[in-house]
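Before anything else, here is the set of structures, which you'll find just below.
Both of the next two complexes hold chain A, though its partner changes from chain B to chain C.
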Partner chain A sequence: MDKAELLNKLKDIISPYAQDKEALEHISEDTDFIGDLKMNSANLVDVVLDIEEEFKIEIDNESMEKMLTVKAALEVISAKI
Partner chain B sequence: MTTNEILSKLPYSKPFLFVDELLQIDENGATGTFTFDKDLDFYNGHFKDAPVTPGVILTETMAQIGLVCLGIYLSGTANAELKAHVMLTSTAIDFMKPVFPGEKVTVVAEKVYFRFKKLNCNVLMKNEAGDVVCKGSISGMVTTKMHD
Partner chain C sequence: MLGNDIVDLEQAHRDSKWERKGYLEKIFTLTEQELILNAEKPSAMLWLLWSMKEAAYKAENRLTNERFYAPKRFSCIQPAMDGTFNVKYRDRLFHISSAINEQYIHSIATLDLSELQRVHINYQQNQPDYAQEFSYLYPGYSLKKDKAGLPAIINHQTGMKHAASVSHHGQYLAIIYSGSLLLKD
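Take a look at the complex of A and B:
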């Protein structure tokens, strides 16, 4: 799966939790889940659980704590699929 | 952790403590009761001349028994030294029957998942007749800080 494809999949996963829809439309590697998309910490957990399900991977606490931006999330996913 | 230890760790007091007894608790869920004193202040205004327990108070009661007691228990199992707080993050509740002043309710909570500090529970409240009063889903973050 190439990077653009991965980003698209991630965008679909994030979509129901992103409060700021305009920031979601302009999503990039630099997008910050809490700062830009206006998620709360519980939404962040939902995103990680949905990523696990979608990509059939398991994410540990250490990786989860890093997943605060699109870039970090993509890195964790890429390393595990 | 015993049920009494959990009750002593609850961060609430009157008039905002909505747990009387914690009947049962384990890693999968919790059961507790609360009796709505007919003199609770909100009955004066909800509603004028027709007191009934507000839905937000029923939700709070389910959250205190189902989410907060269980969150304290689960985090205590992981680390007994930590002082756990539970921050409510979402609720989706259906209300079936009114709860009048003086009624005793029983709340049964079942853990759906507890991962990355987020606790999600299915909760159900019954009245003394055994009828379901309200039920739904409640989530919160179990943290070591009061505000996060």
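Take a look at the complex of A and C:
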């Protein structure tokens, strides 16, 4: 899976939790889940669980700690698939 | 240092399906999971514990300026049977005070117990012009961000500053500020 494909899949996953839909349309590696997408921090765990299901991977707490941005999430996924 | 977190219970009910597989395990310690599952109202207990962890994280974040997502490492503990909680993170112990009603759950975390007792709390509607609303409610005071982007309450007459923390969720917004003065700029 190339980077653009991965980003598209991630966008689909985070879309129900992103409150700022315009920021979601302009998603990039630099997008911050809470700062830019106005995601509630209680929903970050849903993103992590959805990623686990979609990519059939397991994300440990250490990896989850960093997952505040698109870039960090992509890195965690890429390292595990 | 202080931090706070408010949870609009109706909004939380709409947005979070905490019964889903893996949810509790990712966020809560075993002791906390037991507290939740054995509670009369599991979801109320869950959001109470969550708001404590989040408030403590915000206080920690103010101290170190580091951002991360590790709710499980902030563990809620009950040192006595009197219903009070502490949140432990590494070697730090945060003191917690919470308000619970049918609409929202609000928790405040401070490092010093004396600071917790002197925190000022102001509840407002969650709307974009909350800072103006605050100035209207408290003439002579304003809510501003300092050079580091952290909120502070400023007394116009004396120029003195108090560390503040803002939390909003759904319909509700809470502004808390320290009774003691902020010494550093």
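FYI, the second predicted complex is superposed on the first by the 81 of 81 C-alpha atoms of A that agree within 3 Å, B and C clash if a C-alpha of one lies under 4 Å from a C-alpha of the other, contacts with A are read in each partner's own complex, and residues count from 1 in each chain.
One rule holds in what follows: a contact is a pair of C-beta atoms (placed from the backbone, for glycine too) under 8 Å apart; a residue touches a chain by one contact, two chains touch by 3 or more.
Fair warning: this is a prediction, and the values are worked out from it, not measured in the lab.
Trainee: Of chain B and chain C, which one touches more of chain A's residues?
Mentor: Ranking chain B and chain C by residues of chain A touched puts C first.
Trainee: Considering only touches as defined above, state whether A:Ile51 meets chain B (first), chain C (second), both or neither.
Mentor: In the superposition, A:Ile51 contacts neither chain B nor chain C.
Trainee: Who does A:Asn40 touch here: chain B (first), chain C (second), both, or neither?
Mentor: In the superposition, A:Asn40 contacts both chain B and chain C.
Trainee: Looking at A:Leu68, would you say it contacts chain B, chain C, both, or neither? Reply first, second, both or neither.
Mentor: Second partner only.
Trainee: Can you list the residues of chain A that meet both chain B and chain C?
Mentor: The answer is residues 40-42, 44-46, 48-49, 61, 64 of chain A.
Trainee: Taking the touch rule as given, give the residues of chain B at its contact with chain A in the complex, in rising order.
Mentor: The contact residues of chain B facing chain A are 89-90, 113, 115-118, 139-141, 148.
Trainee: Flag every residue of chain A that touches chain C in the complex, lowest number first.
Mentor: Where chain A meets chain C, its residues are 17, 40-46, 48-49, 52, 61, 64-68.
Trainee: List the residues on chain A that touch chain B in their complex, please.
Mentor: Touch list, chain A to chain B: 40-42, 44-46, 48-49, 61, 64.
Trainee: Would you pull the chain C residues touching chain A in the complex into a rising list?
Mentor: Against chain A, the touching part of chain C is residues 7, 12, 15-17, 20-23, 26-27, 50, 54, 67-73, 169.
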